[in-house]
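You will see chain A twice below: alongside chain B first, and alongside chain C after that.
The block that comes next holds the complex of A and B.
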């Protein structure tokens, strides 16, 4: 910890904004300052050259989340691309803490992006369901955490992952063997004081919290999956996730070389804003702050019309004159995540920004886009059987994972 | 923690003597004061009534370690005996941290006593090899810790455990599933501050140490062994071990009822003294401080004659006049552990204490006793094959565990 490359998080009290795995909040309810976050965490902005390399190496357009800067920051992504260019494959690792039954749109983002990367680079992925973490942090029983993990796995599978290249695991089922050995290897290399510096634990936190970071660290190491990567201890790992998970991977990257492993590489997304505005992530405790993948067309219509914060002006006259403030407009922001057509988005940007398009029209377009997306997801999820969940979660080799 | 029943350990600095799983040292190199230890830890002395109950319930004489007060203290041992009297069986749990290749006589004590209890009460035993703990605390690789665990398992098996009632497991192999779930249950109920109070961790200790106590706690719960005790979540557990392990089980007993489990019951031994005198446990770093089960007859003879601290007087004349100080005499102390004949021990006590017997004679008798014991152990250990180790460590039901 605390090396030049991996600066330590400063105490919460001194911070203007708080971004860690358990809290995302901007100063005075404002917007997250991603430049400051990048500077504080010590990661690097993605730029046009990364996009061009990705397009060249995969022979397909970069994903909308890359083109729009939603995945905006990285650590050593170049090394993954360099290796890939030389013919060396890698594997993807992402995860989810299964704290709620239904996922909202923000939860889908890493999975949609990982599915794209899996297809584009033809690489395997491991997906961790941290049911142990949620049991430790929330008022849940182990049984309920395990049940939520399986429910969430269905939503993840519905994102279209290729079963021949995908291993989904829940910690309560999977921790043990080589995975546990790696946990203990990591735990031996992080002092309590360092953990406090990175995660902000206090003496009143239970030791379950202190014990958890190695669990999220070790899927970064291929040897944690002996059934997947035997003899491939130096396979590189790319972790696409939201930037609030960086503390785990700063720790992991610090420890990795000291236990003879490769550092994982990171590619980080910004946060998907709440319907009410862009001061942080969506809140699971307020169902009206987010669109859920279980919402009906009517729910979506009501939520967007009623709650989506508009950057448009108070009156039509004023709006025609001044145009919408796209910086704070949630309907436009949501479209920039999920409207795939670049030309149409650019058209809306110009027309809405200039006041020629009204909020109602933009909301209407967003309702169409999200209704279609959510209905497609619901259809896919309804087709996911318990047997498919078992199959994705089976501890098995993936013989065609790089085909 | 810190309930009436289970007082917290006071800071080292304030203590006259230090007794914890990693350090046993008396004040100014003197003797451990077991009365003070009992008072500090909040456990209870065993008395004659326990011995009589044990003899009555098992229809055999109490073990020499009970008769001589070597196992001297307990927590809720009465509850085990009450339950047994009603016809309810229990299971035994003990363990070893495999930090060295060869065991010394002190290491054998819990296993000799557990083997006696297994036979006398006809109950199953689980034996934990904490290879993870030794990796975390010592400068060992995981591979070396695992190798030592298997080597130590051979010595344990050589103590005569009944394979139909014995499950030996090493943490690096066994942690996972129900065992891991119980670890996380315990970890959620102990704050860092409580762990510091119990174990004396500092901020510079790594989080592996902070994570470990639940690993030693959960073999106290039958549900950690679903292959052994399915549907027997309320089976009582008796843990015979040295009293320095009490911090782990104070913690365990505090947490148990809060997660719906029975508290384990404890029966504690005092420490087997070093050859040089009774200021603590034997030291693995000084081979001349202990008799090892690998020592030759010649080694034993040399070590006892050269290093065993004598309570006899400087000259034969003075000795005949004053007698030996049995309180500090190591040959007599060792005989009180390993000479089974009560009458002969009483004879030596009288004759040596009165000066009619000389140190040389007592040492000679000790050499005979220990040579016979060590040679018997070596013979038994030589007969332990790798297949037997695999068989004792196989994850399997024990269908005749209570027969």
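The block that comes next holds the complex of A and C.
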């Protein structure tokens, strides 16, 4: 049975760039082509009208990630906004696969954005820790996966989620009951061949992998959380996450109407580049490919100065003449993610692009910005106790979730 | 610097604690020690120096025959299974300031060991006297549990005796019974190597695949206004177990606000804005401090909620019919 909406077949031979939940690589080691990606996936770009609408509905400036086009694509975001305007709330759903203890800035991006959405729209959020997925895909014991999930939860909490509106859960703890019933509903509506088409499974993949996708699909349905949304079966769900997760939610949107549920809506972010540049891979095993939330001020300074790929010219004279290549310059790119002040960024864009500002100065500013960010995070992280994690993860009602 | 054997012995004498001392060649193990003082009656002690994943340290001092299961202990402390392991050699020197093979409760006399937790075998109380090293392996002193208690109290420690062989269930309804013995502060060693302690195979025997970067507790710079009431040196030691402290919260808000005001009220800005300075300042405050203060408030809210939640889940319902 074909899907109504978007193309789901992945044709590996014609593949130039690969984007799926387990692999992201650009064509010929270059940059990811987002236009091609959007076209292939069948989602849509966000535009200025969306931003204006968000600002109007939330009575505050749009988040820097929206303004800079970092969250740039969506499915049915308009429907969420329409419903909200009518007074129908929604809830947020995002997650993390806890494969490592070390979180870098790229990992924080969806959480920072989700926190903003929670505050701005005053809505609850469920956060899924897919410890089972990591056990199935990586060389980890179950015990280690569970431990990593809890450790990652602390960094997530440190992003500033409101405990009275947030439910964090780990699959190994939570799967069962109503959640599992929904999982099986989804599973029954996706054929093995479709799963192969969406996720690229082969005959060599174990059945744990094949049966995992429903786990990530069903948090989109409010009935998966009877303690949170009793009787609210038509509450809409918005899923802000990185665009490589789209396969899961294409599948979910395809299945939802057949179960009688609302389709979840998505809002997608682009990928956070490695320090060494767009073609570099951020890898948890290479500490110099990213800034980690546990880095000291000294580490940040060293990493940016030594490893951040510069789009500046080789010599000062050449630089003053030609200006920097902002397309590939990492310090500038990072600033576009984390420097809140639009005017200042614009100034840097002009001056650096024209060659009047040097790479060193841009790096210096970036170091300041990142150090402040990381220190704030570390301070918040230090305040997270195991009891707090237990409280965030407890199956409890959230009576003030929309207040 | 660390106390010497002589200084310790003098201290014990000053406190009028009864003890006997036995000199012998340097010994590194209980078996070797037994050769010299095994016939003197009383109990030999076995002393472990342990560390958990958050750089908190423990001395577990037990009778030589007491079986200490680190997995069980770890759970009883609330650290999960495999949460404690033997501390690295450097820690012995840095924190306890004793040589190898010389772990002893007496090491707590050193300032550097102030955050080390001490667990004592309740079996010590059944012995007439027990043997410990007095900060050096070439001597053993024997004293009874009361003497040890007197010493510990004199350095500001409450002795904690534990049934080290017990294995109570730990779960949702049975909180870890030794959780109160976990130190409130961790100790960051200088030049801590990035990988896990090389001398010890991890108890759970599994290695995180992708990530070898063992994370030491983050270097949190304590903000200058944080009143370290105990006068602890502010060298990257994270704050003690956080709780929703109203005074501290307000203090931090005041501090941030006044810092911002100070930086904004200068001759130039007064000249520039004149009467409007007040409006300009308050706008600035809102813009620059707004998100900072919200973050602080969120941490406060979450902490207070957690306290309430914890209390609620441990709430003992009133028994019907009792007053």
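The rule is short, and it goes like this: the second predicted complex is superposed on the first by the 397 of 403 C-alpha atoms of A that agree within 3 Å, B and C clash if a C-alpha of one lies under 4 Å from a C-alpha of the other, contacts with A are read in each partner's own complex, and residues count from 1 in each chain.
Keep this in mind: a contact is a pair of C-beta atoms (placed from the backbone, for glycine too) under 8 Å apart; a residue touches a chain by one contact, two chains touch by 3 or more.
This is a predicted model, so every value here is computed, not measured.
Undergrad: Chain A superposed: clash or fit between chain B and chain C?
TA: fit
Undergrad: Scan A:87 for contacts with chain B and chain C and give back first, second, both or neither.
TA: neither
Undergrad: Is A:214 touching anything from chain B or chain C once the two structures are fitted on A? First, second, both or neither.
TA: first
Undergrad: Once chain A of both complexes is superposed, is A:379 in touch with chain B (first), chain C (second), both, or neither?
TA: second
Undergrad: In the overlaid three-chain picture, which partner chain does A:296 touch, first (chain B) or second (chain C), both, or neither?
TA: second
Undergrad: Is A:394 touching the first partner chain B, the second partner chain C, both, or neither of them?
TA: second
Undergrad: When the two complexes are placed on top of each other via chain A, what is the minimal CA separation of chain B and chain C in Å?
TA: 11
Undergrad: Just which bits of chain A does chain B share with chain C as contact spots?
TA: Comparing the two interfaces on chain A, one with chain B and one with chain C, no residues are shared.
Undergrad: Spell out the residues on chain C that touch chain A in their complex, using ranges where they run on.
TA: Its residues touching chain A are 78, 80-82, 204, 206, 208-213, 215-216, 218-221, 223, 238-239, 241-242, 294-295, 298-299, 301-303, 305-307, 309-310, 313.
Undergrad: For chain B, which residues count as touching chain A in their complex?
TA: So the residues of chain B in touch with chain A come to 132, 135-136, 142, 172-177, 180-181, 184-185, 187-193, 195-196, 201-208, 210-211, 213-214.
Undergrad: Quick one: in the complex, what on chain A touches chain C?
TA: On the chain A side, the touching residues are 99-102, 119, 138-141, 143-144, 147-148, 157, 160-164, 283-285, 287, 292-294, 296, 375-376, 378-383, 385-388, 390-391, 394, 396.
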